[in-house]
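In order of appearance the chains are A, B, C, D, E, F, G, H, I and J, and numbering begins at 1 in each one.
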Amino acid sequence: MQFLVTMEVTLPPDMPADKRETLVKAEATRARELIEAGLLVNIWRVPGRRANVGIWDASDATSLHAALTSLPMWPWLDAQVTALASHPNAPVPR
Amino acid sequence: MQFLVTMEVTLPPDMPADKRETLVKAEATRARELIEAGLLVNIWRVPGRRANVGIWDASDATSLHAALTSLPMWPWLDAQVTALASHPNAPVPR
Amino acid sequence: MQFLVTMEVTLPPDMPADKRETLVKAEATRARELIEAGLLVNIWRVPGRRANVGIWDASDATSLHAALTSLPMWPWLDAQVTALASHPNAPVPR
Amino acid sequence: MQFLVTMEVTLPPDMPADKRETLVKAEATRARELIEAGLLVNIWRVPGRRANVGIWDASDATSLHAALTSLPMWPWLDAQVTALASHPNAPVPR
Amino acid sequence: MQFLVTMEVTLPPDMPADKRETLVKAEATRARELIEAGLLVNIWRVPGRRANVGIWDASDATSLHAALTSLPMWPWLDAQVTALASHPNAPVPR
Amino acid sequence: MQFLVTMEVTLPPDMPADKRETLVKAEATRARELIEAGLLVNIWRVPGRRANVGIWDASDATSLHAALTSLPMWPWLDAQVTALASHPNAPVPR
Amino acid sequence: MQFLVTMEVTLPPDMPADKRETLVKAEATRARELIEAGLLVNIWRVPGRRANVGIWDASDATSLHAALTSLPMWPWLDAQVTALASHPNAPVPR
Amino acid sequence: MQFLVTMEVTLPPDMPADKRETLVKAEATRARELIEAGLLVNIWRVPGRRANVGIWDASDATSLHAALTSLPMWPWLDAQVTALASHPNAPVPR
Amino acid sequence: MQFLVTMEVTLPPDMPADKRETLVKAEATRARELIEAGLLVNIWRVPGRRANVGIWDASDATSLHAALTSLPMWPWLDAQVTALASHPNAPVPR
Amino acid sequence: MQFLVTMEVTLPPDMPADKRETLVKAEATRARELIEAGLLVNIWRVPGRRANVGIWDASDATSLHAALTSLPMWPWLDAQVTALASHPNAPVPR
């Protein structure tokens, strides 16, 4: 089952540069793992904002929540989740 | 360039059933053409609503608008468009 | 998987009384079937409004959408769906 | 009488881990007591957020407020309460 | 238990004057009955709008909904209901 | 003239317990004075929130503002004021 | 006592031109009367909209509501009213 | 003085095709005149919607309102106007 | 040209009383100057809030912005500006 | 492709005056570079606010995001981006 997830990330403005860099790297690593596990299908930046839009795939909302809280940036994230139903006009998945 | 497009469809409640059916079929046909042309990447239903969420790919907003207005249901559609930027953590496209 | 579903029902003000009555009865019948099928877990009226709040249980958003569109009042319904994750403090289901 | 209660929990980001853990445990204990007392009927997580949705049962809004303020996390909670009326299509309570 | 109820009244603009007058009189009669029954405690007009604000007293939201739907203008009403808890600083009721 | 006043109270989370207690007592004292002066007609808690709803009576908005700013909790209050007009269906004041 | 009043005017699109013209003239006449009576202090158009912003002066909200409903366009008006308190930095009225 | 103007256009769905075409042509003609008169500086479509965003230049809001109401589509337009101040970082006008 | 300006003032809660008093006096002085210069036409308090509503008169939005930023409280102000067009029913200015 | 970009700038209130001045100068320098590169087409102040409205030109949303994040004030900016399509009534670009 797929979900549309829109995240706002609010890192504290006084976070030291090295901590921020470590966090960004850890987030990239965890994102790769979630992609390999099939949980994170795709992700885009919302231009001009500290926000992203993603398509996620999880067995249910509990699994999705677990995936989102596994992100290193979780303490600074707020996500809006929309459950998605299949559409008859969608392309046949490859 | 990709866009997140959320559409609300408001068909008039007194539209005759056969006109509605013809329209739904024409919409499906046009959707297939837009998928083949690479404009419509994916589309999902928002459960409980006459609404859908889609990922569209167009060279710019003018091309996207042309694609949306080519839909047979365009006279009854209202779409919200969000331009999407690439995200460094996105999966490598196949 | 459970969902919180809030519905607004907007019957046309000039719907004949007998059609309305037939519709209300058909809705009650379908609701009972959805309860027996385990899809509709509980439902409450929002006082002062033509609206209700329900807890629904479906394998995914596609099944939930099918259940909602099976309601006789579907043509006059608009629903807001929130996917629900399990909470560690929830009571143990009987 | 039942209520739909949606809570947002905003713990201060710099709360020490052990204080947070103590608080989470105390909240779980109090939740169990409220379940046993019949005040908290059910509770779900809103995925991706520090929020939950619950069905509460209290004789009136004053009792409900007392129950909510008895939660150890009350100082960091903000709740939205909707009074619920019975719906003729609801399942017969067991 | 008391409730704050805000109503918007949207009579159809082409309702004949005599039907409107009959309705306004019937509404006044029913309001008096609800006052005598202790359900309607007080009511004010929101200036400049077809809206009113009232304090209602009902055993629960189900009784409140029954009172609201007993109003002759119910088919054209939409109400927002807020359950009210007692406040320690409130005046002692006479 | 009467006003509907909805207040949100945001005490700083790190206010010492004794200061908070002193403030709550001073607020109760001032509320009694405003009730005796006929300015505060009634007040209720909004359950689950640091908010209240009140009916106030003042000769005009300037007097109402003076009454609100006389509250010891004024520095932490934000109020929404709605001027109320008399309603023909209101009960005859005793 | 003064009020800020923002009005939206929604004349039916199919109102005959002569009826509209008669209405606009009647509205102008009534506005002049309200100005002379000191009720309407000033009024401006919100550019690009069928809306206006006005400063009104009435003894209370009941009188203001009576003035607003005396406008010939009242059946097509919706007004938002804000009660205004005096400001210490305001110019001394001439 | 410049203004940001966002317009929503809501043509009646049952407007005959030839009337619509005539209207679109008249609108184009009037737009050219407003451009030549220096009132309409630039205009863009909001993709997926019957809406546009424009930069307008008028001596004041009264002149701007006159320009907007001179549009043939004015009866079906609703515009949101934001007055714009000059920015020190703006390019030097050519 | 006139503008409706609504200001919210958010002084830091821990600002020393004497600094606050100095600021309030400086604001009053500057307001008098702006009144004499014809920029500030009138101003009212929004009861129950740290907010005011004013009618301002400036040659354009750039001059208005300069007037607003000349207020000693500018660092703690946020203003919403609506450009006003003349209304045919407005009173003849004295 | 053009974009409408609305920015809110929230500099910390306790930023030292010299740091603020340096930042304002650096922002002006970068704005000039973006103008020369054709990315920033025009920019206006929203009067009374720390906000601006701009027309930007970029090959896609990714390039636009890069331009916005190259601004020295980026850490304190939040931008809303609307993709713009060409309008048939727009003036012919010079």
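In this text, contacts are C-beta pairs under 8 Å (C-beta built on N, C-alpha and C of every residue); 3 or more make two chains touch, one makes a residue touch a chain.
No experiment lies behind these values; they were computed from the predicted model shown.
J.: So which of E-F, G-I or A-D is the twin of D-F, meaning more than half of its contact pairs are the same residue numbers?
T.: Matching more than half of the contact pairs of D-F: A-D.
J.: Look at the interfaces B-C and E-F and say which one is made up of more C-beta pairs in contact.
T.: E-F
J.: Using mean CA coordinates as chain centres, what's the subunit B-subunit J distance in Å?
T.: That pair's centroid distance is 30 Å.
J.: Just how far, in Å, is the C-alpha centre of subunit D from the one of subunit B?
T.: Computed from C-alpha means, the inter-chain centre distance equals 39 Å.
J.: Just give me the whole-number Å value for how far the CA centre of subunit D lies from that of subunit H.
T.: Each chain's C-alpha centroid was found; their separation is 50 Å.
J.: Could you check subunit B for residues that touch two or more other chains and list them?
T.: 3, 45-47, 61-62, 64-65, 81-86
J.: Can you name every chain pair that touches?
T.: Every pair of chains meeting the touch criterion: A-B, A-C, A-D, A-J, B-C, B-H, B-J, C-D, C-E, D-E, D-F, E-F, E-G, F-G, F-I, G-H, G-I, H-I, H-J, I-J.
J.: Going by the contact rule at the top, pick out the subunit I residues touching subunit J in the complex.
T.: For this pair, the touching residues of subunit I are 3, 5, 7, 12, 61-62, 64-65, 68, 75-81.
J.: Quick check: in the complex, which residue numbers of subunit E touch subunit D?
T.: These residues of subunit E touch subunit D: 1, 3, 60-62, 64-65, 81-86.
J.: In their complex, what parts of subunit C are in touch with subunit D?
T.: By the definition above, subunit C touches subunit D via 2, 4, 27-28, 31-32, 35, 40-47, 52-53, 55, 82-91.
J.: Tell me, which parts of subunit J touch subunit I in their complex?
T.: On the subunit J side, the touching residues are 13, 45-50.
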